[in-house]
Structure formats: structure tokens, C-alpha cells
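Going by the order they are written in, the chains are A, B, C and D; count residues from 1 in each one.
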Amino acid sequence: MVMENYLLDVDQLSVFFRTRTEPVRAVSGASFSVAPGETVALVGESGCGKSVTALALTRLVAEPGYVAGGSIRFAGRDVLAMNPERLRQMRGAEIAYIFQEPATSLNPVFRVGWQIAEALNLHRAGIAAREEVVSLLNRVGLPDPERRLSAYPHELSGGMQQRVMIAIALACRPRLLVADEPTTALDVTIQAQILDLLVRLQGELGMAMLLITHNLGLVAGVARRVNVMYAGRIVERGAVEKILGQSAHPYTRGLMAAVPRLSGGKTRMVGIPGAVPNPARLPSGCPFHPRCPKAQPLCRQQDPIETIITEDHQVRCHFWK
Amino acid sequence: MSLLEINNLHVRFSAGHGHEVRAVNGVSLAVERGESVGLVGESGCGKSTLGNAILRLVRVQAGAIWFEDKNVLTLTHRDLFHYRRRSQMIFQDPYGSLNPRLSVGAAIEECLAVHRLGDRAERKRRVRDLLQTVGLDPDYAARYPHEFSGGQRQRVGIARALALNPVFVVADEPVSALDVSVQAQILNLMKDLQQARGLAYLFVAHDLAVVRYMCDRILVMYAGAIVEAAEVDALFACPAHPYTQALLSAVPDVEKELRARAAGARREIVEGEVPTVTSAVAGCSFHPRCPYARDLCRTQLPDEREVGPGHTSRCHFRSNHANIEVSHAPEEIINT
Amino acid sequence: MLRYIIRRIFQMIPTVFGVIVITFILFNIVGGSPAAMTLGKNVSPKALEEFDEQRGFNKPLLLGRWSATRAYENTTFERNAGPWRQVEGVTYTAPQRREPGHITLAPGKDYALPLAFKLKPQVTYQWVLKYRLLSGTAAFKTVHSYQPDDVTGAKPALAAAGGFERQIRLLTTNSAWQTVKIPFNAGAVPATLKLTVHTEGGALEICALKLRRQNANWFDTQFVFYLSQIARLDFGKSNFTNQRVSQMLKDGIGPSLCLTAPIFFVELVVAVSIALLCAFFRNTLVDRLIVVIAVMLMSVNYLVWIIFGQYMLGYRWGWFPLWGFESWTFLLLPVLIGVVSGLGGNVRFYRTIMLDEMYRDYVRTAFAKGVSRPGVLFKHVLKNAMIPILTNVVIVIPFLYTGSLLLEVFFGIPGLGNMYINAINYSDVDVIRAIVLIGSILYVIANLMTDLCYALFDPRVKIG
Amino acid sequence: MNHSITESLNHSISSSLWGDAWRQLRRNRIAVASFWIIVVYLAMALYGEGVFWYFHWKDMTPPYQQTNLREEYLSPSVFRHPFAVSSVDDPGAVGSPAVDHRGQPAAKSVVARFRTGLRTLAHHPLGTDNLGRDVFQRTVQGARIAFQVGIITSCIAIPIGVILGCLAGYFGGKTDDFIVWLYSTFSSIPDLLFIMAIAMVVGKGLQGVYLGIGLTTWVNLCRLIRGEVMKHKTRPYVQVAHALGLGPFRIMFRHILPNVFHIVIITFSLRFPAAISTEVFMSFLGIGLTTWVNLCRLIRGEVMKHKTRPYVQAAHALGLGPFRIMFRHILPNVFHIVIITFSLRFPAAISTEVFMSFLGIGVQGEPSWGIMISNARLRLWQGVWWEMTFVTAAIFFIVLAFNLLGDALRDALDPRLRTSER
């Protein structure tokens, strides 16, 4: 792997949460990268640490969480070593976010136009804010943008709120867009609209996107490379065809088998036994071993390290063969 | 006669300020014994309200619900009690639907106690049996809901629904709150129980893939009305209503996406917002979003038409407008 | 907006009515007539009656035609003969198992009914009497020294020897206890009126006797009187200072506001600033220290602040004048004490609001946008937090008018708080009632203002 | 923030409200300390109660009421130089039993001096007031009254608040309208004014204070409970209960109430200091306890009467112990007084009070903290600081403890309530 080509390069990132007893490891040793203009997915179930990873990219993890180790390099600069002012300038201007719940993520007492303009003023001072905001709203497909400028967030539907969020994120033409479950809170038909919009804008603006989701269907639709997370670890990563087609990790395979298919018949689905573990009480060794059909005594004792299968396919399993 | 038959059901809520939400607007459907029927739609389309109405958990304004040849809506208090033994419900949120202050054993036993089934010892035994049936350790009866994972809680919810030996179960989004890896376990359990006990399900869901896996027949709901009803294979093979088509196209399915990606195709996207049910739309409720809408659609509410054997659709235009082929019924476009 | 305000004002009506009902229940029903409480024990029934008359306490409570009068207190003869003790020829029988206690009026005599004072002219009264007459008759009569003009309409003639006598009811033999009502009119000149019973042929036994006065109509009641008082904004008269209550309120509200308004504003500014400081330095030593101090401050009793403050700052060190209300310097110490005593609770409250906002999703969005920490705090958080803070502030405003009860007492500020405590000590019902009532109505109005504030400042609240 | 992770942390570690709250509280050192402070005060209150009753049955003046003019204005013992030699030499000084009066002068050995010093320390440790009454004892008695007020007012407010709140929240509609009207009316009347007015109308006794505080505090609780019940009513588990065919009262009290009950506890612990402060305030103003009317006085009068009755004499003759006589024999015979008092409480109490003070059995006001402050206030200006200081310290610590514990409870049980209580 050649470091310099990547826009974002995360290496051995660890995020901990302080609790009353001992710190809980939410993300442990996650490594992945995003190239310019590329769409990378971070897939996992609830509580696997994918959202925390996304927030850690610009050190947005709030108390009681903190980044405990590893490195994050964005465009060659070390994010973890930046001073707060530099970090602030990077947020929004170079790395922008879209969150899962547009309804709560927008400030309820400010007008939509103001919220978009604020992002503009912060990073691109001296431009005609109003025209720019209108053109942004046009761009994200909000009908009647002139009128919507003075609307409050609660006056918009969920889909429109998410469009506003996208407009805020794109205001400063970031190089990386982090989309944290951007469609989960929306209805199926709206999901498709938003996703389509994101993909289109990404193409137009040439930015990279880190898509965080639990939905393998979304991943299959838009991502070029995929990172599968389980219990704070990236257990498998690689090109989307590899991960979804020839997955090596038993968890990825299980997940693929467990997703109901539109085209699937009535053949019995096979789920993964057991439940997603609690980050505070992870099993010893490989955290997946209690649910793994291929578990061996070794798995219980030793957390596997990442194995390179091919150039674009890595897995973290003792027995991936 | 079917096990359950609903005729022209209307459920309306007051939304304050004289506004009214027509959550269910003239729905008719039938469920046979041992059959599982899927009810699919987006949020706010009235599918959960319909499920609740069947169990008389909400007030119904008009229409009739026939269950085993009795009108559920006119049941006396006593008969209603008996009815609840015959039809039960599995709820969406496994975290909220169990009372956190009751042990799961007590929660299940309470159903038996309220319906005066068996003495204490017998009820205890029955609770253990039920837990075993849903794949939980019978000794878990003394534990409280917070000690279980989401999947286990949903198993408890199923055990509770089955405690009274119902013949009909409304399952309201039973797996949508669960992690993907756990969903399959619950779906399989429900399937096994259906086979073992001859249950009929009304399976309310927004996930088409799940419904396809679980159900024999599917009803698609939009804005309080059923817009399409068909056998599961017929629906997926040739969706007749534009909304169904849009829905199918919008679902991000792994295989479909991969195929589309390989082919470089783009998905069909239906524009517009999911309607709030307060705003009464003249004509077909889908017309503001329908890519094929014509003048007729804006003025006249379409009737239910048969587009194939056991396949009905509420659209003025019988054929399908997109590139999916219709295998039956000659093309017949009504122009105005 | 106007429609909304009007609708909300209409919604206030039940609450205001409720407040009126509760004060009525409290002071008129539970409290009973305050006459004896205020005037003392050794006052003539006539004075009590006048006291009641003035305040409407001699009327029925809610609805009714008849009310009691102190001219003749209800008697049931359970212990003794009551007012009949002095009447000649009357014997008392104590209650036995079956027999209630009663008095016996020996036959063949005229008995004057013992009234405490003269009745009111031209008013209809009635006796309610439970009696037994084993034999003979008993006649209830009115005896006027003048000819009553209501009979003939003529000028009163000279008095006859026994006066003009009129029989109002003749009771006949009746061996079981029976209740009768005997109405009569007091006539134009009740000063000369005598009420008598004449028994003939047998003894009249009475086991209960009441005198009832007829009111103008069914609605001539205490409640209606109270309502009309409120409608006229007439809160009665203090029986301690003998001033009109409305005048006292007018005099007292100025000093009260002089004291509470500065406390209110200074406190608001200081507390919100400190709370912002906490939010800015959240989870640091500064924040924790402030919280600890705030909890300590709010645990110190109000009295302690005042007593030690006055003792140390005013007396020992002599920094401030001790007592009185002469110039603005007299207000400094009470205001300071008022601010300090409330500071702990307020800081903690505002801090909670701020911190609640700090954990909202939109804050994360703002940070992700690249807004700086002060920017997030002073723009995004403060505007959201202002909504609960504002509503909380508005709701406190009605309490300003009563002043601070203790501060006023301690520092001799002649405000409403001082007045209220004096009124409590002297059982000055009218003053208490007026202050409670006005306080409640102001509170209801403040509630309305709160809603309006919500409507104005929170875009999520829909009007209409 | 970080929803998924914190949520999943919450779900697994802490979904059981009580279990988790307990764990959290136990780990919170401040909460534990507060708890123990409250326990100490409670013990003090119970002790005070015991002393009170004991001396009333014995018909003796309790120590906290004993006046000793020889020992007036005694400063706290540590300020009296207990270990100084002079105190041993001078028996009259500071009025302490520093010398064992057996004729010979006390031994001057270090041990003996230490012993007498200790004894001096224990003698009026916090000093005495103007009548030579022990400040420590009186403070303990103050705790008793404070707890009485806190508990009794809660007993008035909690049932009203809980029941009305449940009914309003659950049934909605007209019931709800009425109850909302009721509590918004009550809450419209400014608290202190209302309490004082009630106390005045009801007769300036402790009952007035109880009733006043009780009748004003239920409002807040009722509002909270109503809101919670309304929220829980739409929860799936309540729907489930409906689907099972359970009746409304069963659902309300068996299913919903346990889920909202923590609010009662939080409200209670947060309101307790407020009740204490109000009582202090009112007794300071002389509204609370000046005309001290209490059930126990009645009982005491009755017991005294019955003590001389033949059946008690006979019991003595049979050799029965005093407790057995008291509880088995006398109490059943005077218990009707309890019932009568509760039904005819106010007039009967007042008339008996008048009667008893006429007979000269009346005791002066019980030492509540407010009365003590009121008395001590003027003496502070004469430099008698200790009475004031210790009373205010006593109040400070209990209120602080309740504030802190209340906070901890609220954080542990229902952080959402934070902004709803001031």
C-alpha cells in the first residue's frame, strides 16, 4: 500500500470511553484508508463502533470518549497532532459530515438558510452568501429554495431536512464527506432519492465519501471498497466485489447469508447464532468466536491479526481459509 | 369463510385543530387459516394502525372485521376476552414491549392468569414449556427483560403471544428493531412455529425482502389504502401498481445492486415526499408522485381491478408502465 | 397571534375561577367567620353581626334563601338551657337515653324569646322549632309598641298598654317531636319589637330552636358577594389598620418592587453568566468547583443568610445601614443577601439547561461544520437554552410583587411581604385574601406570558 | 453523542432501573456520604421522638426543656477550657460537675484531670441558651420536628399526587381536564402565601403547616406522574397488556405505576429539604408551633388519667411490667382518642389544648429549629453565637445531604427530570 496516495489514512485507531469502572474500548486498532474521489463503506451492526470511528476522524468524539491511540492522516497531515484552531478549520471545509437523524442534527431555532450560510461564512468568507445558499439548495434538489431559506427545520419533512444537511456539508466543497447512516431514518423511497443525490453530487464535486451503514444493499450499490466492523475491529476489508462476493471472514459470510434477499426464494435463511456482544464485556480472543461456526480453541485465546489475502482484500481471522 | 375478513375499514384520528388523520381508509382484506399475509408500506401509511385495529386496540370509525364468523367490532366484553385468546400480537420494539418491572416468566404467566387458565403450578409449567418452544432456557423465567439481548426479548414476546394458543397472530414489524445477524433467527423461529401450530400471520413490515421470505401473499399499502394485493411470487415478478414498482426499485438489495453495478444501470427513483395522511388528495393518492399520472388520476379514485389471478391493483392503468412485462391481461389503457 | 392570545386568555378563565373558589373555600368555609378571631371573645353579638354584615359573612355560603343570625344562636339544649336560663318559668331537662335535652315552658304564661339584639327592619325572619306539646296550645306572637305600619300603611299610633300584638302561629297539641317553621316580618321599627310565646293549657317543650333570616334572593350569598367584591376590585378593609386593603396594596407594592426587582435582574445576569461559564468549561475543575459551591450555597437556609448577613455586614462591620427604608443605601444589603441566597439554585438550574443542550445532536453538527467552541456556546446553545430560561424567568415575575417576606421583615421595608406577615399574625383575613388572590392571578397571567414567550421564541411551537 | 456506543453500553449494563441506580449510587461517594448523614439525622429524630415520649409518659420535664438559670449562656464545652486546671479548683465556675463532691478535693493526677475534662466536654457540649437549656438536646429535638414535617407532608402529598396523576394520565379526556384544572389552580397560588394562609385558617398549629405544605407539594408530583403515565400509556408493553385484555386499573397500577414510581422517590428526596426549610421559616415566624397542639398531648392526658384507674392498679398487683401495662392495657383503652382526634381533630384539639393549659399541664413550645433560630437571633447580637451556629449547621447539613442525595438519585433514576424541578 502506498500511503501518499490516500486522502485519508487511518492506522491502528483506538477510541476508549471512560466509564465508572474501567475504560471501554469502542474502537480498537482500526486501519483503513480512503483515496481521493473514492467511496468507501464502513459496515457493521449496532454498537460495533462504526459511528465512533467516523467522529474520531476530526476528533469529534465527545466526552467521555477519547482517542487513545493510532494515527489519522488527512491529506498528509496528522489530525491527532493538530491544534484546535487548525482542526476547526479542517472540519466542514475539508471533512464534512452528514448524520443519521436530520431532525435533531439541525439546530431547531435557526432558519435553514442561516445554518447553511454559517458554514459558508466560516470557511469561505467574502462570497455572496444568499445566492450561494440558494444555488446549494437547488443543487440538493430542495424544491422552491428561495422560500425554504426562511423555513425552520421542523417545517420540513425528513427527506428535505436531510437535503439541507447535505447542503450544509457541501457548502465548502469538502474533499471528504462522512455520511453516517444518511438514509436509515428515512422511508424506502426517500432513501433512494437521498442516496442517488449523494452519489450524483459526489461525482459532480469529485469528493471522496466514507459511507457508514449497516445496510449491505447500500454498500453494494455505491461503495468501491468496504470495511466490515465487528466489536470495534475491522474484521475484513477490501474491494466490494471481494467482500460481498468472496468474503473470507465468517462474520461477513454470516451477515451475507442473514440478509433477506428480494430475489431469494423460500429457502431457509441461516442467521448468526447469539447476539452482538456488549463492548464493555467482549469475549476473550477473537470477539466473534462465541458466534463463529468455525471457532477453534485458538480463537478463544488469541485475537487474530490482519492477514493479507490479496492486494485488495485483508481479513482478521485465524482460519479464513 | 376466511379466518379473518375485513370489509371497508376506516380508522381516523383527530389531529387537533379540527384536522383529521385518515390512518386507514377503506381497507378490505382476508386472511385464511394457516396463511401468512404480508402488509407492506412506508411509515405513516396506516399499516400498524390496521394491525392494531384488528385486535381492537384503536377505535374503528366504520367497517367490519369478521373473525371466525363473528364481527369483532361488536363483540361484548366477554366475547372480546375470548377473541383475544384466539388472536394475538407480536410487537415491534422488543425493548419497550416488555414491562421492565415484570420478570419474563411473570409477564407470560400474567396472560394465563388473566384468562384463568390452569392453576399456579400448571401455569408455571406452561411458562417453562413456552420458553423452551421459543428457544430460551426455561430457567430464564425469573429474569427481567434487561438481562436479555434484543433477539432474546423478541423470543419472549413471541412466547407471550403464543401463551394463549392463538390461531391468528398480528406481527407488527417483529424484526425491524433487530440487528441483521439476529433477524434471521427470529424469522426462522416464526416460520417454524407457524408450521407446528398452523398459525395464520398478518405480517406488518416495511422491508420487502423480509416479507418475501415470510409470506404467501402480500398487500401493499399507501396512504391508508391497499394499492396492490398479490401472491408473493406474482408481486415480485410483475408488480402492477407504480408505487409497488417504485418500492421494489428503491430497496437496496445486495444482489440487485451488484448486478446493476455490473450492468452500469441506474435505479428507478420516485420523486416527491411520503404524503401525510391529513392532506386529502383528490383522485388517486399516489398521483402527485406517480411518473405516469394523467388527468384521470388527479380527479378520480381508482377502483380495485384484477390484473391476474388473485392479483389486484388500484390503478386506472392496468398495465405496467415500466419495463417489466405483464404476463396476463391484455393491455388496456383508458384515455380520457 | 392575536387570535392565539385571545384563545389563551379564554383558557385562563377556569383557572382564575378555580383560584377564586379555592380562596373562597379556604377563607369562608374552612376559616368560617373571622369575626370572633379578629374582634376577640368579649364582643357583643351585635358587633360581630355588624362585622359579618360588612364582609358578607352573614349570608349563606353558595346558594340559599335563609341564613343564621347572631340575634339568636342555634340552640339544641344538650348541656343547658342556653339563653333561656334567664327566662322565668322555663325549666331545663338534660338529655336522657331516648329523650333529647329540652326546655319546658310552663303553661299559662307569656315568654319573651331571648334575643341578643334587635332585628333588622322590614326583613322576614323565621323560627325553626322542634317542639312537643302534650296538651293545650302555644301561640307565637309579635308585639310592637307601635302599630306596625306594614299592616295598615298608616302612621304608627300610640302604643297600647301591651302594645300591638299579632299572633303569627298557633301550635296545637302534638305528642311527638315535630319541627315547624314560623315566618314573620320584623316590621319597620324592630327596635320596639318583642317576640313572645304564650302557652295555654299545657307545657311547651322545645328541644331545638333556630332563628333564620331571609335574604333578598336565592343568590344573595357569600360567594356572590365575594365575586362582586372582586369585580368591583374592592378587597375590603383591614381590621387591624382600618385602611382599605386596595390602598394598602398600592402603598406596599412600591417598596416591594424596589427590593425584588434589583434582586431579580442582578440574579438573572449573574446566574446565567456563571452557568455559561460552567458550560464552557464543562467537565473541568472550574465547572465542578462551581457546582459544589452552588449546592453548598443552596443548602444554606435563607434565614441564615439574612441573620448572619445583617449581623456581620450590617452590625459588626457596619458596611450597610441596618434597618429602615429611607434611601437607596438601605436596599443594598437586602438585595445582596437576596441575590446570594438564590444564586446557588439558579446557577445549578441554568447550568443543567445549558448542559442538556450541549449534548444535543445539533451541537455535534455545529462542531462538524467547524464552528468554534465559543461560537457553538454563544450562538447555537444559548439561543436554544434561552427558551427554557426565559419561560422560567417569566414565571417568577409574579412573585416579585409580594416582595421577599423575610427580607422585608428583617430590614423593615414597608412592602407587601411585611404586610402579609403582619396580617397573618393579626389574622387580618381581608389583607391575606387580597394578597393571595392577586398573587395567583398574576401567576396565571405570567403563565400566559410564558406561553407567549414560547410562541415567540421557539419556532417549533405552532400558533393557531 | 456517539449514540450507538453509549446506547449499547446503557442497554447491557444498565437497563434495570433500580439495579443500575443502586449500583451507581453505591459507587457515588457523595451520595453514600449524604445517605449516612441522613441516617444519622433520622437516628437523631427517632431518638428525639423516644425521649419525647418517654418523658411525657413519665410526666417529667424532658432534659431539653429543663431550665437552669445558673447555667444560662454557657458556651460550647470546647471553649470552656475543660482540661484547664482552674476548672477543677473552682467548683462554681461554668457550673460543670467537674468536681466529685465527696468532701475531699479531686486528685490532681493527669488521669483524673483528663476524666473530669472529658466529663466537662460531655456536659452541654454545644452550650446552653438564655434559660440554661442544652443546645445540643434542643437541636436533636429540632431534627425530630423537621422529620415529622417532611414525612407527614409527604404522606399527604404523595397519595394525592400519585393517584390523581395516574387517573389523569391514564384516563385522559374529562378526567384529565378536571385534574389538570385542579392542579393548575393549586399551582397558581404562590406557595408560601398559600401555606401561610392555610396554616392561619386551620389554626396556626403544626397541622396547619403539614396541611399547607402537603396541599401545595402534590401539584408538582401530579404533573410529573401524569406526563409519565401519558408517555407510558403509548408504550408497547401497555399495548401488549391491552391486547391481553387487562383492565385499565390493572394496567395503571400494576404495569404503569411501577415504571414511573421512581419519580415519587426523586420528588420526595428533592422536596424534603424544601419542606424542612418551609417549616423552619414558618416556625420562625411563629406560625408553626406556638400553639402547640398535638395528639400525643391528648393521649398523655388520658394515660395520666388511666394510670390511677383500678384496672391499672390491678395489673400492677399482678406484677405485670410497665410496658405490658402501657401497651396491652392502657393503650387499647385510650386508642379511641386517636380515632376521634383524627376525625374531629381541630376543634377537639383546640378545646383540649385550652383545657390543659388552663390546668397548667401545658408545656412550652417544642424546640423546632425555626423556634430556636428565632430565639437565638436576638441573643446573637449579645454575642451568644453558638446557639445560632449549631442550629444553622444542623439545618445546613441535612439540607445539603438531601440535596446531594436527591441529585444523585435523580441522575441515577431519571436524568430527564433534571430540568423539571428547580
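Criterion: a contact is a pair of C-beta atoms (placed from the backbone, for glycine too) under 8 Å apart; a residue touches a chain by one contact, two chains touch by 3 or more.
Because the structure is predicted, anything quoted here is derived from the model rather than measured.
Across the two interfaces under comparison, A-C and C-D, the one joined by more C-beta contacts turns out to be C-D. At the centre of the protein atoms shown, by the Cα-centroid criterion, sits D.
Averaging C-alpha coordinates per chain and comparing to subunit C, the farthest chain turns out to be A. A separation of 66 Å divides the Cα centre of subunit A from that of subunit C. Rounded to a whole number, the gap between the C-alpha centres of subunit B and subunit C is 61 angstrom.
Centre to centre, using the average C-alpha position, subunit C and subunit D are separated by 29 Å. We define each chain's centre as the mean of its Cα atoms; on that basis subunit A and subunit D are separated by 56 Å. Looking at subunit A, residues 46, 55, 60, 62, 276 sit in touch with two or more other chains. The set of subunit C residues touching two or more other chains comprises 359, 361, 364.
None of the residues of subunit B touches two or more other chains.
Residue ranges on subunit D touching subunit C, taken from their complex, read 1, 181-182, 184-190, 192-194, 196-202, 273, 277, 280-281, 284-287, 370, 373, 377, 380-381, 388, 392, 395-396, 399-400, 403-404, 407, 418-419, 422.
Subunit A makes touch with subunit C in their complex at residues 55, 58, 60, 62-63, 84-85, 88-93, 96-97, 99, 101, 104-110, 118-119, 122-123, 152, 154-155, 165, 168. In the complex of the two chains, the subunit B residues touching subunit A come out as 42-43, 149-152, 179-185, 187-188, 191, 206-210, 212-213, 236, 246-258, 260-261, 266-267, 269-271, 273-274, 289. Of all residues in subunit B, those touching subunit D in their complex are 52, 55, 57, 80-81, 84, 88-89, 91-93, 95-102, 110-111, 114-115, 144-147, 157, 160, 164. Of all residues in subunit A, those touching subunit B in their complex are 45-46, 157, 159-160, 187-193, 195-196, 214-221, 241, 244-245, 254-264, 266, 268-273, 275-276, 291.
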